[in-house]
Structures are given as C-alpha cells and as structure tokens.
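Each of the next two complexes has subunit A plus one other chain: subunit B in the first, subunit C in the second.
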Partner chain A sequence: MSQLFRRFLLVALGLYLFLPILASFAYSVATSWTTLLPEGYTLKHWANLLENQRFWLSLGRTALLSFSVVALSIFFLVPTLFVVRMYYPKVAGVLEFLTLWPFVFPGVILAVGLISLYSGPPLQLAQTPLLLIAAVTVISLPYAYRAVDNAFAAADIKTLAEAARSLGADDAKTLAWVILPTVLPGVLSGGVLAFSAAFGEFALTQLLIGTLWETLPVYQVQLARTDGNGSAAITVLSFLAAWGLGFWALSLRKDAKVSVI
Partner chain B sequence: MSLGLRWASVGIALLFVLFLLLFEVLPGLLLARVFWSEGQLSLASWAEATRPLFQRALRNSIELAFYSALQGAVLGTLTAWALWSSANPLVKRFTTGLSAVAANFAGPPLAFAFIVLLGGNGFLNLILKGLGLPTVDIYGKEGLYWVYLYFQWPLMTVLMLPAFGAIQREWLEAARSLGSNQWGFWWRVGIPVLLPSILGSYILLFANAFGAYATVYALTQGQRNLLPLQIGFQVGGDIGYNPVLASTLALMMALVLAVSLVLYRLSRRWAARMEQV
Partner chain C sequence: MQKVGIRLENLHKHFQGKTAVEGVGLEVAPGELVSLLGPSGCGKTTTLRMIAGFEQPDKGRVYFGEQDVTALPAEERRVGMVFQSYALFPNLSVAGNIGFGLRVARWPAERIKRRVGEMLELVGLLGFEHRPVQNLSGGQRQRVALARALAPEPRVLLLDEPLSALDAKIRAGLRTELRRLQLELGITTLLVTHDQEEAMSMSDRVVVMNQGRIEQVGTPRELYTRPKSPFVATFVGSMNLFTPEKTPGGYRISGHEVALPAAPAGQVGVRPERVELNPHGSFSGTVELVTYLGAEQQVLVRVGPDLWTVLVPNQVLLQRGDLVRLHVPEDAWILV
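And then the complex of A and B:
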C-alpha cells in the first residue's frame, strides 16, 4: 500500500514537471490543435521563429546580459571570498547579510528603488542596459555566492596555502596552481547558476527597460499575443536552456545538496 | 601572500561593497524617503497605499502565497518521504536533480506552457471535457495555484530531503521492535524532528509565491489585483508613473518579506537544535 503510494507520488511529480513542456513541444509542431491530438505536424512555426530577426536580436541581448552577469559576479566574488576566507573571516557575516538582501527586496521592489534613484543626475542610468546588468547581478548573487563560498569553505584554502608555501611555492604559484584549480568547479557551478538566473530574468527587465532593449522572455510575452505556436517554441528553448544549465551546475558539485538561503 | 596580490583582492572586495551599496542597499533603503515630505515625517503616502484597492491586493497576495505554499508543502514533504524510503538510489538521484532544476523554472515560458495545457483549448482541458469532468480555468483564481505548484512542489521536495536525511532508518526498526507501528513512529519521532524544517521550508515557499511577478504577469497580462503587479503598474504601467505610491507599496511588500525572513532564520535555529538531539 505505502509502496504503491510512494510510486504514485513520484510518477505524479514527474508528469507534472514534464507534461507542460511536452505539450508545448507538441503545440510548436502542430498545424492546428483543437481536438485531443494535433491534426497534423509541421516545422513551419520553428522556421518562422528562426527566420525572425527580432528573435535573434532578443536572444543575443539575453546572451549578452547573462554573460555580463556571470563575468561581473565572478570578478567580484572570487577575490572577495578569497581575502575574506584568508585574512578577514570576521567580515563573512556582513557578506552573508548582503546576499540575503534580495530575499526582502526581490526584483519588483529593487526595480522601484533603482528607477527612483537613477532617473536623474548624478548617475542617470535608468533605461540603460548597464543598470539592468547591475540589477540582475544583484538578484542572482545569492545563487553564485553560495556556490563559490561553498567551494572556498570545502577547499580550506588557508591550510592549502601554508602547505604550498612550505613546499617552496611562491604566492603567485600557490594561487595559480593550488587555490584556483581547487575552487574552480565551485566557481564554474556558481557561474552557470547565475547565467541561468539571468537567462530567464523577466521582472527587472520588463520594469527597468521593457521593449526598449527586448530580451528573450520579454519578446516571448510580445510574441504570445499573435503567435501562440512560436511562443511555444520559445518555451521549449527556454526549458532546454534552463534544464541543461541546471543539470550542468549540479554535476559540477560533489554533493547533491541544494541550498536556497 | 605577497602584498600585491592581497591588496589587489582587497581593492576588488571594496569595489564589490561599493557596487552592492549603489545597486542593492541604497535602492532598498531610499524607498523610505516616501515618509519624508518637505523635511518632515509624513504619512500621506501610507494613507494612499492603504486604500481599499491596495488592501485587497495585499490580502490577495498573502492568500495566494499562503495556499500555494501549503499545497507545495504537503506534496513536497510527502515526495521527500517517498524518496527517503525509496531503496533505489538511481530514482532518488534523478528525482532530486529534476526537482532542484524545476524549482527555479518560472516566468513567461512556464506560464505559456500551462496555457497550452490548460487554456481554453488546452490539451488537458480537452481530455477533461471529453470525460465530462469540469475543466480548469487557467486564467481564473485556481489557475495560478496550478502554475505555481510547478515550482513549489519540487522546491519543497528539495528543501525537505536534508531534514529526512537526519532521520535514521534504524530508528524505524527500533521503534518497530519496541512494539510501535509506523504511524506511532512518525507521530512521536518523525514529525517532531521534521517540524522545524517543514515550517522553515513553508516560509520560503510563501515568500517565493508572494514576491513572484513574472509568471503571473505573463499568465494574465497583469490583469490581477496582486501586490507585485500593482507595484509594476505604478512604475511602468499605462496609468502613469507614480514613484511615491510605488515605493510605499514596495515597502509594504518588503515588510512582509522581512518578517518571513526573520521567521525563517528562527526556524533554522530550531531545526539545528532538533538535529543535535
């Protein structure tokens, strides 16, 4: 009995997670779908989408946004966590507090604050991609921070550095050959998580810049008004990107533990 | 470490702090400016933000978050239990990975996927109609619960797995050999050990649904009286730009989330004490 119930639960979860995506895929290749199964199949909707310049432009902006967020996150997080772990462990609490901040000030709220702060001089950044990149970096920080911090914690870099030094390595060598290779999988996993979060970001993009600098999710909302099949194709693409990146990030960590806060 | 390397890193760390001040902390703190008008404390904007329309938006958002989190919590806890007691490590790993990834999948793609499934001519609705059963109105009140369950259920599953990990299977055997049945074991031992984690995870699910904007916006084109959508309207909507009202509503929302965060931290501390016992 309880064995049956367990199986039922797992199958139900699997169906719940896959069915919407499978249905979207079927819809993206359906000629028309008003009865139980699609009347016929076609690649027309995919061809239309892939020939559409607006699609490629929005995908390009999304890629630019995501790569910028990853670059900025890694540029800030790796040196910061390195000095904090190595020399100033007491500051770790402050950093953790700052990564909790987006919990209380999520995308919608952050957008309101940023708009009122940067709509006028001295820093007139409102409605620029630069402000969006900064904002999305802030929002995806908790993901990247966790992964990079875990990597530094697991590596115990202080002991590593001492060991390398006692073996005669100088500091640059210690960093390049001992510390960075040890934390690299964690840093990569953090980067992939930040990329995935930036790739799907909608609230900040819509409120800070909207159709002035259309990213893929914003374009999908526009497209869905006129072309449901094309929008379904974007759903399939977003799903593949998010799931591919997600499983990649998971495979980079030794433990399968997932921490949210 | 050589001084150069150390101070270059300290320099970047300070730059990071400046970046966070400019783009994270200040935008949040300066929202409170709405309580100052012409150099003195003023509650005019608060009065505007507590009009019946916005009171209803707050109530709707809390109700949505409350029930959506409850659905996710019940199903997710049961699923975590199923994974805990499942002997097959492959099933366990696959489901855990799947849940961890799905818990972060939201926004327009998710909303449109559910429209394909449960919209007017949605695949599942056609089946339900064919069977003579009532159909689901994805744009209606219950529709949002179906969509949110997509990330709430796997999120709760992933959050509860470590808590179940603290329960040794040998305890169950020990309880059995002492004459207790399964139900007795869960009632006296299992649930008390899990309770702090269930509460903490529930709070995370609550905040997750409460602050969600993208999914519901894409699903209803913003046509729903919920707090995040109202805030969005005040900054980027067709009605016009009202930064003071937007900031006040945003503060209202942040207040609910801040209370959630404090409760979450308390529940974590309680859970840590539970696991030591």
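And then the complex of A and C:
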C-alpha cells in the first residue's frame, strides 16, 4: 500500500468521524444554512437552550439514569467476575454468552415484554424510572462486561490472590489491597462505556417511559421538530461530555498504575 | 529464622476423577533444598500447592516441623512462595511488593522500611524501591518476587518453576544466586521444575515424579549413576537403554556378546559419555548422524537393530556412513 493511499485512508476516516460533529456545531451557531456554508453566526440557539428549564431537567434525569446504570453494572459485575475467575473458570463462557443476549433482542421486543410483565402486581413498575434504570442497566451490561472481564483476564487474578494469601492476607485484604486496585483501570473503562451507552439511550427509553420522564435524548428528538439548531447544540454537548469523560478515565488509569505504601 | 523441616505423609489428590498425586511421602530436613522433578502433569505442582495450602489433599498429611498444617489455611502457614509468572502486584512499587507481607502482619512502618531495604540489598536491587514493577526485566521481577516471599521470614520457601519464564543466560545466573542465597539463609526449600539440569545443579536431593507417584529420591549423583527405573534413567540425563538377551555364555546386546557386572533383572543402560570409540571395541556400527555441540559432538550410531547415542570429543572427525567400533567398560553398564 503506497504512503499516499495510507494517508488518504487516515484523512477519510477522520472526516467520516469528525465531520458530523463539526457540522452539528456549525448548525448550532448558524443563523440560517441553505448554501455550502452558513450565512451568519449566532449564539442565540445556545442561549435559548441553556435558559430552558426542560433542557436542564432532562439533563439531570439522564445523569441520574447514567450514574445509576454505572453503579449497578459495577456492583453486579466486579464481585461476580471475581468469584467466577477464582473458583468457577468454566462458567466464564456461559456468562459471556448471557451478556450477549441484550444485543440479540430488538428494543421493541424488550420494551413490550417489560411493560406487559411489570404492568400488574406483584411488581407494578411499568412507566417508572426504576424500571427504566433496570432495563438500561441490562442493555448496557455487555459493554461494561467486556472491559471488566478483560481486566480480570489480563491480571491473572488467581495467581495474584494466591501470592497475597501466601503472604498472610485473608480474603478481605486480598480483595481490597490486591484485586480491586489491579482491576480498577478496567472497571473505570467499563464504567465509562456503560455511562456512554446509558447517556445516549433513546429507543428503549422512548418506548418504556417516553415524555413521562423525559431524558436528554428524548428531549433532543422532541426539540428537533421545532428547533433543529438547539437539537444540534445538544448533540455537540453530548459528544463533549462523552469525550471529557473518556479522557478523565484515561488519566485515572495512568494514576492508578503506581502507588507506594 | 527458625529452621523447620517438611514432612509429607501419603498425600493423595484427585481432580474430577483424574489422579494427580497418589501416595506421596517425603521428608525434607531443615535447611535442605529438595527439587520435585518430572514431566508436566506428573503431580509435582499439585504436591507443592498442597504444601502451600492452595489445594486440600483428599488423603494424607502435611507437617512443618512437628506441626500438622494440613487443615491450616494458606494465609496462616507462613510459607514464602515464588511463582513462574512472578505474580507481582501491578498496583504496587517494588518496595510496596516486598513490604506487602509485613504490612499484612502489621509491622510498624519504620521496621517495614528497614526490612525492605535489607531485602533489596539481599537480591541486589538497592535503589529500585520506587520503581513500578512493570518497568523491570524478567530477572529483576523474579528477584523482587523472591525478596517479597522472604521478607516476612517464612518457615519454608516454595519455588514453582521460578526460572522457567526467563532467558537461558539469566536463568543460569539466577540459578546460582538462588542456591547461594538459600544456603546463606539456611531456609528449607522445595523447588518444582521440569528441567533436570536445574534440579541437578541446585538441589541437595532430587525427587523424581511420574504419573502422580515418586519414582526415586536421591542426591543428583545417585540419580545419575544409580537410576532405579528406566523412567529415571532416561529423564535424568540421557541413556542408551537395551533389553539384553540371555545366551549360554552370558548376555547379548545389539547383537553382540557382552559381559555384565551382575545379572540384569530388567533393562540395561549406558550413558552416552561412557561409550568409547575404540578400534578393538566389541560393537560395530555405522554413523548415522553427527551433531556438533562445541566442546563435544553427539553421534548417533546404528549397531545391529539399535540406535546408540555416543558423546565423542570434538577433535575426532566423523561423518555419516563411517564404520566405527564401540567399547563399553564393564563398570559403565547400569542395570535398571
């Protein structure tokens, strides 16, 4: 492959990834845009958006949803994977297969099933944020699972735990002093992935709860009907949030590497 | 450091119906270095793991000195363990790793620091205390692992293939150093290895294991000169092994009459370095392959139905197809 072609590929990929973001940003600050470039620039759409209470409320709900999903994913994944890797290595394959299921089910089927199951007693949860959080956790789990499991696999948890035990550490100390710090970078990556998946979740949210408990993506779609420029501003904001979070997690990973007693 | 020996009584261990260790009994004297040697799957690692407390024996007991530790969990056995994969804690520095066992035992910070310093000096890594372990070479990592295992003054030291992951050159250096340290500290040590050279060069005694059982226990010299079974004869060093035929006057090997020092019960062997090239030798054969090894050459000679391995000084010029005569001194025959 010639060098020119390799460069071309790189540039093409860059354009493919960044052009939509740049275009969204341009649209969010455009007065009107009918030719190749916007006719004028304004911060009016941003100001409108930031003054809108509906925007802030939906952002708050999405943040609540995303952080809950991250907390639940880590809470379920880390102890489970520790036990599986330490004592039941053969179950790992089954677990991996199970975590793929949310990808197999289309959102519609999942939503309809959940609504009909939780519409009556004993658990009347349909159209509550609780059901939404639980459902989004399930569909975000595969993303977090990959990252956390890789961290466990890469670290050879079993031997590390045996080394700690031979040095006198009981299970609690082994987990707190050795295992958790070792898998922390992976857990953080997994958390960021789960956060991103939950932050941008639209299809399932729309079907499960819709405008009763409006999240940012749902609000964004509503807004797009009346104010395309404001909707574009939300796109840019979401992207920046994801980016910032990613870099933050990466910096934590570096810090986590070295610590001295 | 208190010196205790290790005693194993009739250890058995099965994994899902497969026998891993079957009736292993062994006594290791205080301060002795004993190797468990055998091919993979022979049960040597399982035996070590039962001593460390990572596996529970189905039957049998483990003693440290007079204390029965069979039911004691690993974290209360006070063993020092070194793993093939180093198993250093990636989130801790060199000093953090070495001091880990001391921190667990709640030593005061000042004493931990002093002890870590002593350990670094012992393994030749002074000045490395604040390095992250990821920046170390394989040899340095294994030194840190050794220092970490020795820091809390363990009663016994268990080494599980400690040198197998290292380059040949570093391995040879660390092997000598490990043995020197062990003699200096006088710590009772069990070494698991599949490398017979490693076992022979480092140990006071070697335990050869095969299929979950002990084949033979002895000093390196005893194992080499008086192997008790064909397995030991071929696993420790190399050996030309034959099944002799009884003749009216004596025995026949490779189609030639030989005089043996005693009546053989089973097979008869001779080490490649004890076979001599001699124009008056009683075995005639044809050279099939010459492998130049530097100081000497390994020659495969076809004698009748058998293929002999012979070590020949490197100044003798031989090539494929040469006709040679081989001589075996009577005391070179080993009956197994």
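As a convention for this text, the second predicted complex is superposed on the first by the 237 of 261 C-alpha atoms of A that agree within 3 Å, B and C clash if a C-alpha of one lies under 4 Å from a C-alpha of the other, contacts with A are read in each partner's own complex, and residues count from 1 in each chain.
Note that contacts are C-beta pairs under 8 Å (C-beta built on N, C-alpha and C of every residue); 3 or more make two chains touch, one makes a residue touch a chain.
These numbers come from a predicted model, not from an experiment.
By the touch criterion defined above, A:Gly107 lies against subunit B but remains apart from subunit C after alignment on the C-alpha atoms of chain A. Of the two partner chains, subunit C is the only one that A:Ala155 touches; subunit B does not reach it. Touch criterion met: A:Ala23 reaches subunit B, while subunit C stays clear of it.
When both complexes are overlaid on chain A, the residue A:Pro181 reaches subunit C alone and has no touch with subunit B. When the two complexes are overlaid on their common chain A, residue A:Leu43 makes contact with neither subunit B nor subunit C. When both complexes are overlaid on chain A, the residue A:Thr34 reaches subunit B alone and has no touch with subunit C.
By the touch criterion defined above, A:Ser166 lies against subunit C but remains apart from subunit B after alignment on the C-alpha atoms of chain A. Touching more residues of subunit A than its counterpart among subunit B and subunit C is B. When the two complexes are overlaid on their common chain A, residue A:Val11 makes contact with neither subunit B nor subunit C. Comparing which residues of subunit A touch subunit B with which touch subunit C, the overlap comprises 170, 256-258, 260-261. Within the complex formed with subunit A, the residues of subunit C that make contact are 52-54, 73-81, 83, 85, 87-93, 95-96, 99-101, 103-105, 112, 130, 132, 134, 148-149, 152, 158. Interface residues of subunit A facing subunit B in the complex, by the touch rule stated above, are 2, 5-7, 9-10, 13-14, 16-17, 19-21, 23-24, 26-27, 33-36, 75-77, 79-80, 82-84, 86-87, 98, 100-117, 123, 131, 134-135, 137-138, 141, 161, 170-172, 174-175, 196-197, 200-203, 206-207, 210, 217, 220-221, 224, 228, 231-232, 234-235, 238-239, 242-243, 246-247, 250, 256-258, 260-261. Those residues of subunit B lying in contact with subunit A across their complex are 1-2, 5-6, 8-10, 12-13, 15-16, 19-20, 22-28, 30-31, 33, 75, 78-79, 81-83, 85-86, 91, 93, 95-110, 112-117, 121-124, 126-127, 130, 149-150, 153-155, 157-159, 162, 182, 204, 207, 211, 213-214, 217-218, 228, 231-232, 234-236, 243, 246-247, 250, 253-254, 257-258, 260-261, 264.
Looking at the complex, you find that subunit A touches subunit C at residues 155-156, 159-160, 162-170, 173, 177-178, 181-182, 184, 256-261.
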